[in-house]
Amino acid sequence: MKADKFREECGVFGIFGHPEAANLTYLGLYALQHRGQESAGICSSDQKQLHLEKSIGLVADIFNEKRLKRLPGYMAIGHNRYSTAGGSNPKNVQPIVANYSLGQLAIAHNGNLVNAFELRKSLEEEGAIFQSTSDSEVFIHLVAHSKADDLKERIVSALARVNGSYSLLFLTEKKLIAVRDPYGVRPLSLGQVDGAYVVGSETCAFDLIGATYIRDIEPGEMLVIDANGLTSYKSVVTAPRKAFCIFEYIYFARPDSYIFGGHNVNAVRKLFGRQLATENPVDADLIIPVPDSGVPSAIGYSEQSGIPFEFGLIRNHYIGRTFIEPKQSIRHFGVKIKLNPVRELLEGKRVIVVDDSIVRGTTSKKIVKMIREQGGAREVHMKISSPPTVGPCFYGIDTPTRHELIASSHNVEEIRRYTTADTLAYLSMEGLFKNIPDPENFCSACFDNNYPIDFPGQESQLELLF
Amino acid sequence: MKADKFREECGVFGIFGHPEAANLTYLGLYALQHRGQESAGICSSDQKQLHLEKSIGLVADIFNEKRLKRLPGYMAIGHNRYSTAGGSNPKNVQPIVANYSLGQLAIAHNGNLVNAFELRKSLEEEGAIFQSTSDSEVFIHLVAHSKADDLKERIVSALARVNGSYSLLFLTEKKLIAVRDPYGVRPLSLGQVDGAYVVGSETCAFDLIGATYIRDIEPGEMLVIDANGLTSYKSVVTAPRKAFCIFEYIYFARPDSYIFGGHNVNAVRKLFGRQLATENPVDADLIIPVPDSGVPSAIGYSEQSGIPFEFGLIRNHYIGRTFIEPKQSIRHFGVKIKLNPVRELLEGKRVIVVDDSIVRGTTSKKIVKMIREQGGAREVHMKISSPPTVGPCFYGIDTPTRHELIASSHNVEEIRRYTTADTLAYLSMEGLFKNIPDPENFCSACFDNNYPIDFPGQESQLELLF
Amino acid sequence: MKADKFREECGVFGIFGHPEAANLTYLGLYALQHRGQESAGICSSDQKQLHLEKSIGLVADIFNEKRLKRLPGYMAIGHNRYSTAGGSNPKNVQPIVANYSLGQLAIAHNGNLVNAFELRKSLEEEGAIFQSTSDSEVFIHLVAHSKADDLKERIVSALARVNGSYSLLFLTEKKLIAVRDPYGVRPLSLGQVDGAYVVGSETCAFDLIGATYIRDIEPGEMLVIDANGLTSYKSVVTAPRKAFCIFEYIYFARPDSYIFGGHNVNAVRKLFGRQLATENPVDADLIIPVPDSGVPSAIGYSEQSGIPFEFGLIRNHYIGRTFIEPKQSIRHFGVKIKLNPVRELLEGKRVIVVDDSIVRGTTSKKIVKMIREQGGAREVHMKISSPPTVGPCFYGIDTPTRHELIASSHNVEEIRRYTTADTLAYLSMEGLFKNIPDPENFCSACFDNNYPIDFPGQESQLELLF
Amino acid sequence: MKADKFREECGVFGIFGHPEAANLTYLGLYALQHRGQESAGICSSDQKQLHLEKSIGLVADIFNEKRLKRLPGYMAIGHNRYSTAGGSNPKNVQPIVANYSLGQLAIAHNGNLVNAFELRKSLEEEGAIFQSTSDSEVFIHLVAHSKADDLKERIVSALARVNGSYSLLFLTEKKLIAVRDPYGVRPLSLGQVDGAYVVGSETCAFDLIGATYIRDIEPGEMLVIDANGLTSYKSVVTAPRKAFCIFEYIYFARPDSYIFGGHNVNAVRKLFGRQLATENPVDADLIIPVPDSGVPSAIGYSEQSGIPFEFGLIRNHYIGRTFIEPKQSIRHFGVKIKLNPVRELLEGKRVIVVDDSIVRGTTSKKIVKMIREQGGAREVHMKISSPPTVGPCFYGIDTPTRHELIASSHNVEEIRRYTTADTLAYLSMEGLFKNIPDPENFCSACFDNNYPIDFPGQESQLELLF
């Protein structure tokens, strides 16, 4: 299921040199809406000053003709932010814009800084005043406090102080600057449309506006795009290894996108499904996905196993922005609000249900129950297209804390018993890595606790933040 | 594709005898959101007076805790209305509530009256004042102008004057009344939860609230539910035949619903797909649906033909309420805003794409082009899981006029050429009827111009309305 | 004090034959804002159809350029409605517009029908459906139910059935019609600007738009203004006497307006003050008004008595629409929220305070206390520029019920004691009538219980409504 | 006329030690609404953290029960901001709250810093990032950048760097700090209610909540109010002289307030009117004020001269927040929107009209014209209760630039001719100073160009800002 279990910190999009910069950024953000539904914003420059429009809400609800007209100029950056369960702080909506000694600076950031707290403290000692609780604001202060003469040098000196993940766009009155952290945790691609350069979190944003994918921005690379064209500065920051996020393949990225070197997400997911079928065969009458994220793996599983694929759970897509479960009710709806089983398909059947992951286990339990009780299935076999999630993410995904992750303290049989499934199987680590390109470049800390970006006292300290 | 080509006039839901009447109506409407996204409303009764809350928007955006609390009482009715492209008249939002000589009366109506214009004129001659342009308001005036003593008789005398389709709920201070037109054009089911009676357009609304399906309200039947329990009055209006809407199976109803005698929609759609494969085999590498409505037929087609099923078009579900295509742009996005092909799957392949119907042909043309150009498919074979749509609907579906329906003036080969597909095949009429239960009870006017509910000068007159 | 004690039912304004009809109506309503602050609306006609914009709020907050542009055409009517303490029903906001057999009809009404309840019942028997709880809606139904051929005759036949007060404007696609009830309870004047005719509750609306006052619409007169110019139909309804509202002079109308035959309100109020000084001399150091309605009488009193006039109570005019007195607080602010004494002026002084009337007595008591305790006055003498208010109004003013009117059950000395004033004096009935032109034409039921418009069981019945 | 010609930068209010801190701050701001109508805000502390609510709009429209409940704690500060003609920047709404190294800090500021631009530049060099264009934000950065250990020392070191006028409130988690600039430009008073301390711009705020006035905060004094009670630090900054704003007496402060050492504003204004009558006698039939600010002077003039006082101009107080003059119209309404003459009083009369000041002269010209043409006056004599305004204010009043001030380039006779008055007289400088207490302590730069707070290139530089 999408946008339920995990919440990524954002999608970014930028464009330089197009008469419809804000319009195309709007469309780019629209295509990246799956990366964040809490809020969105666009900042454009008319070469003299920056213009900003941002709000809580979905891209399509925030922007209209009138508001897009308030964003003049040939360059723009935009940002989608994830949706939180409870309230959300309007101050954290991006892009963030500030006035500093060299003029105006806007920032759009996908990722998470592991030393944000220390940097914030140290900047406050130097007199900095923070407006938001977002770690992205730290970048702006670091640039403002740098003693270097030009912006490029200031950004480089700022990056030298930060630790963590960032696919980052800066906009000034005259320049668009894109940077990807040296680990390459989050994707960031470069494209072109009508002669203008575009950058974006995923290539599906390029497809919508008819842009051509050129290449990924490399880990540690900074692109400066201005009237002189595009200049690449490689390795402005360095890291001992790469740490591409494996969960982009498993869950986050859209199936039609090409990420991390131009590999198609749908294809990788199908391979996970095939591998799962190979590793964990089970006798069954049909295989159904938990829509939408489980679909490609379920199709892969079906192809490999020969067991028929069916759409046995119908998803209600008209959720609106603000579904409120009536509190008064004794019912606890949870997953029922989004999914309903097709009893006709499931009744009396042995059903394999494919999902991308299990976090707390509560949703899986409800799905199993729904398939069995409402759907009438005789057997429910749960197949997960990733290994057990044992560790929280500190690099830009809003996961629960470790002790909330059921797999951090329970083995597969215990989880199976909790979910009440007849059988439960996860994809193996070997199976996972066998099916992704360049496996050595990936971070799999959520599966093996092997955190590539270190920081002192990381867990004890960050535990508090989640 | 859902909610793009056709727009149905609404879903209705009602409940009697439950302490959380408004909450459950809210959930029922939420599950019926696919039947109308323009506006929604709930009217409850606390036995002394009616309480009404309604607005433009999605159910989940309109209602919150506070607003639901303003709807006290043990009985309620609700209504979803379809989404129009441009502006919409807030006066037409239902339920409509009025004060008349017997007290208060609320109405929620799914369907369309073919003699609404004549009735309106005649009521105005009698002194009636109309507040909306909705034909549903006619019911209220007919009831108010009836000389009968009690409400039941007044409704019967009102129904005697109307002609057309109606699945209709009335709420008074003390009663819930449900009626279905004698043709049975639109579905309407009866269920029970916690001892309370519920009525709703589709059974998926019952699933969400844990209600049990009892039976359909029969064509021409009126149910009166009050403190004395449920009383059924059969054949309060009669018709020479039944005229269940075939398009509910093809497109409108949710796959998990059971309609028109308790037949599952997903199962029927799969049969259409199987039949299509049998009637029109073609050599291909993979079969993809136009999501979401083409999915079951595509799976049926795949099962029958043995050609692999793939999810080759990704749908963006975060559309928001108000996506505005930037006018300034020279691009015409159309279907691209909703669908994007997975090139990895399609490139160099012979692709069968399954859709439920073709209306104007413009969308199909864009989909074929998208699969071929963006997706890189070698061949594109279009399969339609219904016969050619040649006639407009006058019974509650907002179809284009006859001359806009491409199949009304072009044969299949001409349509194929227009869409640029390599081949194009529709389901045959025989194939259609072979796969639905009780075929003689269905209206198929949109495929054969055989309109079961007559009225003088129907086409020339109604042509103007659409 | 203005807008606190009484709430009039509305101001009306209409114009025919001006290219800026809606703009001038907006300005006219703005000038009449003192007659109603709850809601406002404008209905214009472009000769083909009516356009309506109305909302809860002040005129200046409701209308902006954009909204006024949605009101095209050369003719328009507008309406201000009074402000209620608690919630207000948006359905009662005027103008009310309806579709009936002859086309469209809008209405704006200042006044109150004493037989509204009976008419409503009888219309409901005939099948009428009511949308609002406003008695003004009755007019529309009466017109719609009339069997006469043209609108003029229908209105005449409708007026024959109603009893009560009405300064009434109708707008159709092509005509503006103005009627004043045969008693002439509320004012209604005719003017001209740039060749266009204007009608309005008070002449201050003409001043703002530069219109010239022509004459009053006569009691029982109907004006029809259309492409053929202005046609007057006198005595379309008749009454045994006139019953101009005396309270328009005392409190409601703006001091700069000329009403009831072109007499200036400020001048009449000053005469009341002079008369009060003559009738009830008292030794004092200064005289202060309760602003704003007490100002002219206080000046008159000062002129007559020679005692200096001072502005000893400062009014806070920035009240906003929705001042909420914090409930948690133990303080009860009441009048303090609006008035504050100037201690420097009052300290140690013998003070005469002039107010226009006393309703419940509670406000007067607080004012006396404020002048004495906060202001430090040695003596507080209260002078009321009208006789004791003993009866409620049934002709368009939202007064309290009889038993809430302190003077209905207490004599002057008892009221004085309640307010804690050192002395209290009211204007005598003789003094009142001596100072108004044509006194025999006035209704003074609120002072003498002599109700000119009879109806069966009026008090016992209407008591319930207030 | 109030709030038309000049716009002051704000009113402030604070309270420490009261269970209803936010409620009383709300009422305090309500009483100070005349000092700023653009926006308002309240920041409270519950001892652990600050809570902030602020918006564009009037105090009574911004705050309701729900919003006040979101402001817990025993201490709070609030701020009213003036209303600008065009758009207004929500970022400039106060209080401003920030996180810095010592915790949280809120600020509410009435006044203007003359070296704000230089301080801003220098702070940006040090790395500061500005969120607003308000000079008040400078205070926060100065405090954040100070190297001193505790807040009190930091504020003192910040004040050492600023130059200009400030009545300033700080709120931290545990303390309320009030400071007044060493010149004492703006008023700031200390009071007490229920044992809690209150501070506010004017004593009318104390009256509303029943607080007792204790004394003014002295120029250069800092009050720290916390759990230890009130501690006064005198002369934390010093200045060569005092510079109380004379315009507070002439126009800004409410007549019922006591300012600058406890002198009543109404009394001073009456003395101005008496002096005006003595200096500039003229033969006339009546004297009228331009309401509301001209009222006390007109009464004083009337008392001194024996010429009768009348309320000859009626003010429309229901302006709403957003009156839009219809652009399409050829009429230019200007002052007509607010004032209307009472023709009955003025016709054929020799009229003296008293206003507090003349800025550009355009409003005065319209008033003279209105009194003569609409009102029918035979002669119009304009009396201004202050000397000619020749210089802009740089200390917290939003005056026009010098060349827009008609008196900076025209003598009295030229101004008279422009306004078309029959005679025009201003109060003399001697007459002004003779009638205020401690005249040597006042700034009269607007009348004599004698600016007490110097700064390099002040006019050439600041000219640009206005």
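In order of appearance the chains are A, B, C and D, and numbering begins at 1 in each one.
In the analysis below, a residue touches a chain if its C-beta (ideal position, glycine included) is under 8 Å from a C-beta of that chain, and two chains touch if they have at least 3 such contacts.
Since this is a predicted model, take the numbers as computed values, not measurements.
Listing every chain that touches subunit A and subunit D alike gives an empty result. Under the touch definition stated at the top, subunit A and subunit B share no contacting partner at all.
Over half of the residue numbers at the subunit B-subunit C interface are used by both copies of the sequence. Taking the mean of the C-alpha atoms as each chain's centre, subunit C and subunit D sit 36 Å apart. Per-chain CA centroids place subunit B at a distance of 62 Å from subunit D. Here the CA centre of subunit B is 51 Å from the CA centre of subunit C.
In subunit A, no residue touches two or more other chains.
In terms of inter-chain touching, the protein chains here make up one closed cycle, each touching precisely two others.
Checking each pair of chains for touch leaves A-B, A-D, B-C, C-D. Of all the residues in subunit A, the ones that touch subunit D in their complex are 98-101, 121, 124-131, 140-141, 144-146.
Interface of subunit D with subunit C (complex): residues 20, 23, 26-27, 30-31, 33-34, 37, 57-61, 63-65, 68, 204, 207-210, 254-256, 258, 264, 266-267, 292, 295-296, 299, 303, 308-311, 314, 316-324, 326-329, 331, 333, 336-337, 340-345, 374.
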